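Next, two complexes with chain A in common: one pairs it with chain B, the other with chain C.
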Partner chain A sequence: MIDIRISNCNKNYGSLRVLKDINLEIERGEFIVLLGPSGCGKSTLLHIVAGLDRLTSGAIEIGGRDVTDVEPKDRDIAMVFQSYALYPTMSVRSNMEFGLRMRGKPMAEIRPLVEEKARMLHIDHLLDRRPSQLSGGQRQRVAIGRALVRDPRVFLFDEPLSNLDAKLRASMRTEIKKLHQSLGTTAIYVTHDQLEAMTLASRMVVMKAGEIQQVGKPEEVYHRPVNLFVADFLGNPGMNFMRGHIRLDGGHISADIGAAILPLDGYAFEAAPADGQAVVVGLRPESIQPISGLTSGGGAFTLTLRPTLIEHTGSDNLVVLAMGDEEIVGKFPTDMLPKLGEPVTVGFDLGRLSLFDAESERRI
Partner chain B sequence: MRRFLQRHVSQVALSPSLALIAIFLYGFIAYTAAVSTTNSKAFPRFDNFVGLEQYWRLFHTPRWHVAFTNMFLFGGLFLLITILLGLLIAILIDQRIRAESFFRSIVMYPMAMSFVVTGIIWQWLLNPTLGIEVMVHQLGFTSFRLDWLTNPDTVIWALVVAAFWQGCGLVMALFLAGLRGIDEDIWKAAAVDGIPAWRVYVFIVIPMLAPVFLTVVVLLSLSIVRAFDLVVALTNGGPGVSSDLPSVFMFDMAFRRTNLGLSAASAVVMLGTVLAILIPYLYVETRERA
Partner chain C sequence: MPAPTDATPRPARSGWLTPRRSKAMLKRAVLYLLLAVVAFFFAGPLYILLSTSFKTMPEIQAGGLMALPHEPTVQPWVTAWGEACIGITCGGLKGYFGNSMVMAIPAVLISVMIGAINGYALAKWPFPGARFVFAALVAGNFVPFQVVLAPVSVTLRTLGLFGSVEGLILIHVIYGIPITTMLFRNFFLSVPNDLIKAARIDGAGFFWIFFRIVLPLSPSVIVVALILQFTGIWNDFLFAVSFSNPSSAPMTVALNNLVNSNFGVKEYNVHMAATVIAAAPTLILYILLGRYFLRGMTAGAVKG
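Moving on to the complex of A and B:
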């Protein structure tokens, strides 16, 4: 069942086109993450769904009802903001109660509801404090609590964890995920943090310059990016890109990247390749490993390369390898570290390879 | 010596101004208090100690009672009207209106004028033979009367209106700055929560402006106690002494009626009044900060 339908949505600020013909359908209970660099229009899109921004053309439907010209309060949504946006002159309890009171709900119903949600978020002991007396994490819990008591059809999150420190962010992320699993409410979540997007999303929407680049499950977007932008934007460290061209040789297809010729017989092409077509080969660092570390059987391909730099990240080690004039990065387990300058045989997991047309930058 | 300077450089740097303040502010407050216990006429003389007699005389001078009451009447009305309308104008200007800076300049402009000019402008405007009254008569409403300046019961309104006209710009600017400092997400959260705009102002935004209110009250209160030039230019205390303020009374006693002792006593009473308002405020302020 479609819960939110965004059709042909455009937003212009003067001559600046912030959103270009956005179409998106969100199923009931999905957790949709809008991901993209700053200025890509993801927050604007969220504000338009919330009704805080008017769209220039297009339509928004929530729960089968056209809400394009409906006020935010009548859209059956609740929103959590990056800056928490708590009412600073009110206690935590009043912050959570206020919206319900404005809707004319009787106090006798509000009280137990607020207390229940506060217990759920472990802020029941803070109900009589002011927001200024709380830590950042506690404030964000209150902001989530204020959204929860409204029991809306859709939750909207606008970078809710960006103001928290790394450790708190990770634990709040887990809690939001648990919360969504137990409530099952449809949610749209805006972030520029790909880790948040990968862990939280049931589907993620990657945006760039007002356009949707790719919509899909996190692992699908991660492993089968539709274009160079998505491939480059996701993953840390980023994907290795190697320029080359296609060689059609009898029945065999391969990519000549100068330093090596990669067989592509196992690759699932989306468009038929042409001989000599300029391409960019993309391979994530975890697909470049010492030969014994490879697990996927998708056609092991080995090369002997010289390590020029080793970076320790704690759990893994990033090994920079010289390949012709270019350098690529591989992820090596700690017990298989090569020595600097001594050539080492590395395996390429070609089953995880992505191939892009050099001109259109699209996946082929 | 060098080490002494290094260690106490801040004290050394501050000491000249501290010395000046000690002499010219606190020194002369003490001097005035001393003069108020003498029978000085045109010049201060300390050979004629009369104790608190000047205060007794002061509180038995009807003109002082008029002036002292006027200060609270004028001050209360001025404070109330200026804060309410200043805030209202700030809220209206904050609605992302067109030509915002144009309206802002209009409201701010009177601030650029001295109280003397303000006083004279309003004297003309309120003059029954050439100001607003004549204008309304020419429009055909011949029964209209605007005799604030000549009626002892309403002359205080003339002062309030002129002072408001001058002070409104500053108050509006302070409130506008406060309103602009409020996180936009609060407005968005309120919109999603479905709280009507006036309720957001009453329950959330205006309480958030509490520090601005405090600043405004202090600034306006100081200008109330200081108010002198406006009265001199607009009404000169008249009709009779009905629009006298303590500052005008004090000036009159000291420099026109050669009664320095009584004038000093009125100055001390004014200082006492200011302290009676200011000390509780400072007490609350410092306790909240701590």
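Moving on to the complex of A and C:
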């Protein structure tokens, strides 16, 4: 069942087109993450779903009802802000009660509801404090609690964890995921943090310059990016890109990248390649490993390369390898580290390879 | 100003008057001297005002402006408050003091309230033409009141409010709105937009958000607006003298008529007492709310 339908949505600020023909359908219970660099329009899209921004043209449906011209309060949504947006002069309790009181719910019903949700979020001992007396993590819990008590049809999150430090962010991320699993409420979550997007999303929407680039399950978007932008935006360290051209040679397809010729017989082409077509080959660092570390099939392809730099990140080791005039990055387990300058045999997991047309930058 | 302190014990010095220390002392001395001059400049007149108001007329005529009263008397105060002749009536200032209160209190409250709502709308609910409205209001701050005397006079006559306290209230409210609006708008710009958005999603409307969320954040700017408006309206002479009649005249006009009357001996002690009475309400307001005023004036200068 479709819970939210965004149809042909455009938003202009004067001559600036912030959103261009956005179409998106969200199923009931999905956790949708809008991901993109700053200025890509993801927050604007969220504000439009919330009703805080007017759209220039198009329509928004929530729960089968056209809400394009409906006030935010009548859309059956609740929102969590990056700045928490707690009412500074009210206690935590009053903050959580506010929305229900505005809706004229009797206090006798509000009280137990607020206390229940506060216990759920472990903030029941903070109910009589002011927001200024709370830490960042506690404030964000209160903000989530304020959204929870309303029991809305849709949760909207606008970069809720961006103001927290790294460790707290990770634990709050887990909690939001658990919360969604237990409540099953439809959610739209805006972030520029790909780790949040990958871990939280049931489907993610990658945006750039007001346009949707790709919609899909996180692993699908990660492994089969539809264009160079998505491929480059996701992953840390980023995908290796190697320029080259297609060779069609008696039934065999390969990509000539100068330093090597990569066989592409196992590659699932989306469009028929042409001989000599200029392409960009993309391969993630985890698909470039010492030969014994490779796990997935798809034809082991090996090259002997010279390591020029090794970076230790703790869990992984990033090895920079010279390949012709260019450099590529591979991920090596700690017990298989090569020595600097000594050539090492490296396996390429070509089953994980992505191929893009050099001109259109689209996946082929 | 707190003196710089050093937590660690100093090593023994050959003499206490090191070059560094003597330089600091010189600076300090200059500072105190300047402060003393400024304090004298402002407090001197107040001292003369107060001491003269407790002197008898013979003592004043004997000279000695700076001397304290030999035989202090409160008679000048009693006269100024209830007996002095202003124009043709001899009932003292008390009636005019009442006029001023009846004029200033509603005018201050109404102009501050309207300014707050205007400022809130301009800062947080952008509407088409909001920038133009704000620009016009800002320009309103720069209109000299002399320019508007004639049109206001006609307007008040048309409304049948000429010479009444209500007419003065109306004029003070209208000419108070530009400054209060500007004050509140600039303050409300610092209120996070997310707060307004969160409240809108929670179901609060324009006025609910104003009274429950925005206004409780603004005690300092409210105090600034109240003090500015009260001082301005209480001390106003131009509108008061132009649009009041003897029965509705506020303090400023009465004081002028008392001090500038040409009948008989000039009773300086009564004049001085009357002047202090006229200045008392604004003085008391500053003393009571002064610290909020300072806080409000610097609010936003330092991120809290």
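Keep in mind that, in the parts below, the second predicted complex is superposed on the first by the 364 of 364 C-alpha atoms of A that agree within 3 Å, B and C clash if a C-alpha of one lies under 4 Å from a C-alpha of the other, contacts with A are read in each partner's own complex, and residues count from 1 in each chain.
FYI, a residue touches a chain if its C-beta (ideal position, glycine included) is under 8 Å from a C-beta of that chain, and two chains touch if they have at least 3 such contacts.
Predicted model, so just to flag it, every value in this text is computed and none were measured.
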Side-by-side fit of chain B and chain C on chain A, or clash: clash
Touching partner for A:274 - first (chain B), second (chain C), both, neither: neither
Chain B versus chain C as contact partner of A:99, first or second or both or neither: both
Touching partner for A:52 - first (chain B), second (chain C), both, neither: both
Partner chain(s) touched by A:195 [first = chain B, second = chain C, both, neither]: neither
Touching partner for A:85 - first (chain B), second (chain C), both, neither: both
Partner chain in contact with A:77 - chain B first, chain C second, else both or neither: both
Chain A positions touched by chain B in one structure and by chain C in the second: 47, 50-52, 71-73, 77-79, 81-89, 98-99, 102-103, 146, 150
Residues of chain A that touch chain B when the two form their complex: 47, 50-52, 71-74, 77-79, 81-90, 98-99, 102-103, 146, 150
Chain A contact footprint on chain B (complex, rising order): 183, 185-186, 188-196, 199, 203-204, 207-208
Complex interface listing, chain C residues touching chain A: 192, 194-195, 197-204, 208, 212-213, 216-217
Chain A - residues contacting chain C, complex: 47, 50-52, 71-73, 77-79, 81-89, 98-99, 102-103, 146, 150
